[in-house]
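Shared between the two complexes below is chain A, which pairs with chain B and chain C, respectively.
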Partner chain A sequence: MTVQETSTNSGAVRRFERAADWAIYALFIAIVLGLPLVVDDVFWLNRIAKYLVFGMLGIAIALSWGYAGILNLGQGLFFGLGAYMTAMSLKLMSATSLQQGSDKPVPDFMLWNAEPGAVTDLCCINKGSFLWIPFQAQWFGLAMAIVVPLIVAFILSSSIFRLRVSGVYVAIITLALVLLVRLLIIDAQPITNGFNGLTDLGWLTISGFEFDPYMVETYYVVAGSLSVVLLLGRWLVSTRAGLILQSTRDDPTRARYLGYDVAAYQIFFFTISAGIAGFAGLLYVVAAEFASPSFMDIGFSISMVVWAAVGGRNSLIGACIGAILINTVEATASETEIFKEAWKLIIGGVFIFVVLYMPNGLAGIARDLVARIQRKRVDEGTQTATAAANRRQA
Partner chain B sequence: MSDIIFIGLSLSSILLLVALGLSITYGAMGVINMAHGELVMIGAYTAVLAGIHLGLNLFFALPLAFVTSGLLGLLIERVLIRRLYGRIIDTLLATWGVAIVLQQLVRLEFGLSFFGIHVEGLGSGLQNMAVPAFLTQPVDIAGFTLQPYRSFIIVVTLLLTGLTWWLMYRTPMGAQVRAIMRNPQIAAACGIDVRRVSALTFAYGSGLAGVAGVLLAGFKTVMPEMGASVVVDGFLVVVVGGVGSLLGTVLAAGILGQINGVVALLSNDIIARAVVFAVVIGLILWRPRGLFSFKSR
Partner chain C sequence: MTAALTIDGLTVDFGGFKAVDGFTTVVNEGELRVILGPNGAGKTTLMDLISGKTASTAGDVHLFGENITNRPEHIISRHGVGRKFQIPSVFRDLTVRQNLEVAASGDPGVFRNLRLHMAGEDRARVEDVIELTRLGPVLGTIAGELSHGQMQWLELGMLITQQAKVILLDEPTAGMTGAETFRTAEIINEMKGSHTILVVEHDMAFVREIAERITVMHMGKLLAEGPMERIETDPKVREAYLGSGGIH
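Moving on to the complex of A and B:
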């Protein structure tokens, strides 16, 4: 085979792989958006909407872990911040907040613990309650759900990556931080309702339309957001910046030597990943109607990493599907008590198996499959071409 | 004043107890063993079961738990960890799976609950270990009230730390472990059986977790989830102290425990823990390799 032929072949392989890649994305988005046509049980649609949110967390993990090589064991921090910001706004829109004997909305839990005779206004029920004032505007809470995670992630990642902390230490710092914030939220009981979290929320309302979580429209909001985030993420990693980022993952010293500001790329993608997680938190509150400190449990943050690992840490869509798949199976298994406990045993085993034998997860298997089909196709193509050439010679 | 120091000392000794095993498995072997907390939990359950079924008290439970957790650690090393040396993040993920499996096994009474068989002392409920009476009566010494059980924990922790130090720095085995820590290839080239030494080291670290479990069982409720919360604290101590440095681990446990004790007195327990996490983040940012560390690999 001549050099010319090889290069056309590898070009063909790459074209085919890219086509297969886009086909999978298109198929996934079509299924997610088309699901309400098949499933008409709003209860199940609401459940699936929550798992799609977890799918978005999978994307966030794959972006930072798979593409940037930064294992963030505290992704729950950004998810939780997004959730709390959204929940604060929706809490003030809840009917119970309007029935507290004040003409302005006041969260019910604040009054339960208020000093007798305290003014029932957000400004001065207790020391921290003024923080809630801007959240009376719904758009403020929604914006903060993404802005606050972005800011926190920017400050955190700037200090981490400018100091060239890497690998396991990043994981431990993020882990410690999520625990720290969780404790602060629990301790700030007067303004966050502590352990109980924010419940009894109002509905997301956009230009007069109320998004009841058990409504097809709400499902479409979540599914549409997931599709947009997925495509944006896919685009982002294929840009020049995305490619440089992957080079910093593979060999930071060399990337630095070639003149790239490694920390800048790491900070950028870490922050984007946090923003996605914050957005996921927003959507989760819209679909699930509560925010709780349990979003910042270590177990939840590590679970996200597990989903991404099973789906494939190096693939945005793989990690996304992994998250949706595991949660859907888990929900089905939890219907019966015995299977629920056994399922946890199984997921632990599956996880050990994936780490040992499937380092690239489900996406890795899919990729191998595509490569095998393509090799076969190219081989057959080459054979026909060679045969034709032979005939001509004869 | 001495009260505060004693509370801090007692918190430190618990941190150190958990971190001691980790400083061996993580510090010396580069394995982030998320199942370490579950090995602690297994140790606690060993004490509970030994009390219920064999009528053995705390003092017999200690060696028993050391052996049980140690053997379990050996098994984990042989089956799993062995394939993951040098892939530190993968060890974290795989052992997280092990942690879930161990928790579920205890909760499901090793699968017996599926058949409707109940073993007393296992299952998802809460368990307690009885502490011998003479360890629960406060003793007054020169106007200072001494909590005997807390003091007992401090003494055992000191003994175990001393033992570990002796093993690591004064025995041929310890010299081999330290050689492997610095450079496993060269150690192997010098004729050290790296696989065997690694397996034994891991088993020893796991055994220490079992002992920690027994002592924790004396003042904490024993339940399948008890390990998850202690393991993170343990890691923070080891990382702050410096990977592979026993002295660093001891010092870090001392500092963090004292901070926890003092802040808890000034405000509350939750804020105290939050402050400890903040200090840890600051220390890791300032010195990623820990307070004490040597150059390696």
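Moving on to the complex of A and C:
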């Protein structure tokens, strides 16, 4: 085969792969958005909405772990921050917050422990209650759900990556940090309700429309958000910056000697990933109606990594599907008593299997399949061409 | 003639041990300079000092009149220094084409790169380099799967794509077959003139193939400098190489 032919073939392979890739994205988004046409049980839709939120977490993990090579074992921190910011606003919108004997809404738990006869205004119930004041505006809580994770991630990653900390040390730092913040939240009981988290929340309300979690509209909010985040993420990794990011993952020294400020790329994508996790936290609270310190449990952050590994950490949609799939199976399995107990063991086994035998996860299998189909098509194409040429000669 | 790289009294002190000790030389624009020296002479350390990998403790490095001493690696690189490592350093999980595209860094900022396509001139440069390095047939190959020689050529190609004005090559033919070495010499000879090149090399056949001026280092210091013929007969050089069998 001549040089020219080989490069045309590789061009054809690339085009086919890209087309297959877009087809998978389109199919996924169509299924996610079209699901309510098939499933009319709102309880199921609500459940699936939560799994879609986990799918969004899978995207965040794939972006930092797969594309940037940064294993963040504390993604729950950003998810939790997003959830708490949203829940604070929604808490002030709940009916009980309006019945605390003040003309302005006050979270009920704050008064349970207050001194008898204390003022019932957010300014001075306790030392920290003033922090809740801006959350009386719902948009503030929603905005903070993304802004706070962005700021925290930016500060954290700036210090980590400027010092060229990498690999397992990043994992340890992020892991320690999520535990630290979890402790702080539990400890700040007077303003966070500690272990109990924030429950009894109001509904997300946009221009008078109340998004009851058990309504198909709420499902659409989550599904639509996931689709947008997926496409934005897809665009981001296809840009030149996305390619350069992958190069910093492969060989940071080489990237530096090509003139790239490696830390700047790592900080940018780490921060974006945190913003996505924060947005997921926001959506989760809208669908699940609570925020709890358990979002910052170590087990939850590690689960996210497992979802991404099984789905394929080098693929945004792979990690997303991995998260949704594992959670769906988990929910179904844990309805049976035996599986409920054995689930952690099964998922642990699956994780080890994936890490050892299919490092690119489900997405890797799909990619191999596409490549095989394409190779077959190219071979057949060449054969027909050769046959035609032979006939002409004859 | 303009001085491309001016090294003045460059020294690095590793707790008493001076790997490079008051080294001074001037490399002119478009020159190809070979650095020779027995093992431990400080050749690779010199490259580390120029490219910012190691911080010097005394002396200066100027690039086209601009002081680049001890700046961060990516800043030195943006000033026009490109470096090839002894062990080929390419992006092993990316395809050959992607490697070259990353090297075509018209603008290295994050936000400026939030776009899908490269600038036209960058793309044209990538095509030129593909031609020069003859990597056309393997463009879609993952760089980690290339042969040793191809990997070295890819790295050379990346330095050209990067538009490095001064190129530092650390043993570019290490581990290559005769044919591969020959091809590498061809590429380097084609780069001559348009790039200023500093090569550390042991392979004397290869050095004869490419060299114009030679600088000999010994124990961190400059021992001799001049054209090949003079260096080969220099008594100081012969003495320094005694025990390692002389220049061969």
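One rule holds in what follows: the second predicted complex is superposed on the first by the 394 of 394 C-alpha atoms of A that agree within 3 Å, B and C clash if a C-alpha of one lies under 4 Å from a C-alpha of the other, contacts with A are read in each partner's own complex, and residues count from 1 in each chain.
As a convention for this text, contacts are C-beta pairs under 8 Å (C-beta built on N, C-alpha and C of every residue); 3 or more make two chains touch, one makes a residue touch a chain.
Being a predicted model, the structure only gives us computed values, none of them experimental.
> Will chain C clash with chain B on chain A after the two structures are superposed, or do they fit?
Overlaying the two complexes on chain A (C-alpha atoms) leaves chain C and chain B fitting together cleanly.
> Once chain A of both complexes is superposed, is A:246 in touch with chain B (first), chain C (second), both, or neither?
second
> Count the residues of chain A touched by chain B and by chain C, then name the partner with the higher count.
B
> So, does A:340 touch the first partner chain B, the second partner chain C, both, or neither?
neither
> Regarding the shared-chain residue A:238, is it in contact with chain B (first), chain C (second), both, or neither?
A:238: touches chain C, not chain B.
> Which partner chains sit in contact with A:127 here, chain B, chain C, both or neither? Use first/second/both/neither.
Neither partner.
> Taking the superposition on A as described, I'd like to know which of chain B and chain C A:262 touches: first, second, both or neither.
A:262 contacts chain C only, not chain B.
> With the C-alpha centre of chain A at the apex, what angle separates the C-alpha centres of chain B and chain C, reported to the nearest 10°?
Between the chain B and chain C centres, as viewed from chain A, the angle is 80 degrees.
> I'd like to know which partner A:14 touches here: chain B for first, chain C for second, both or neither.
So A:14 only meets chain C here.
> Classify the contacts of A:375 with the two partner chains as first (chain B alone), second (chain C alone), both, or neither.
It touches nothing on chain B or chain C.
> In whole Å, what is the nearest CA distance you get between chain B and chain C after the fit?
Checking C-alpha atoms only, chain B sits 15 Å from chain C at its nearest point.
> Using the touch definition from the top, list the residues of chain B that touch chain A in their complex.
Chain B residues touching chain A: 32, 34, 80, 83-84, 88-90, 92-94, 96-101, 103-105, 107-108, 113-114, 228, 232, 235-236, 239, 268, 270-271, 273-274, 277-278, 280-281, 284-285, 288.
> Name, in rising order, each residue of chain C that touches chain A in their complex.
51, 53, 72-74, 77-78, 82-83, 89-94, 98-99, 101-103, 105, 108-111, 113-118, 136-137, 139-140, 158, 162
> Spell out the residues on chain A that touch chain B in their complex, using ranges where they run on.
It is residues 71, 159-160, 163, 165, 167-169, 171-173, 175-177, 179-180, 183-184, 186-187, 298-299, 302, 305-306, 309, 338, 341-342, 344-345, 347-352, 355-356, 359 of chain A that touch chain B.
> Could you list, by residue number, the parts of chain A that touch chain C in their complex?
Interface residues on chain A, with respect to chain C: 3, 6-7, 10, 13-14, 235-236, 238-241, 243-244, 246-247, 249-251, 253-262, 264-265, 268.
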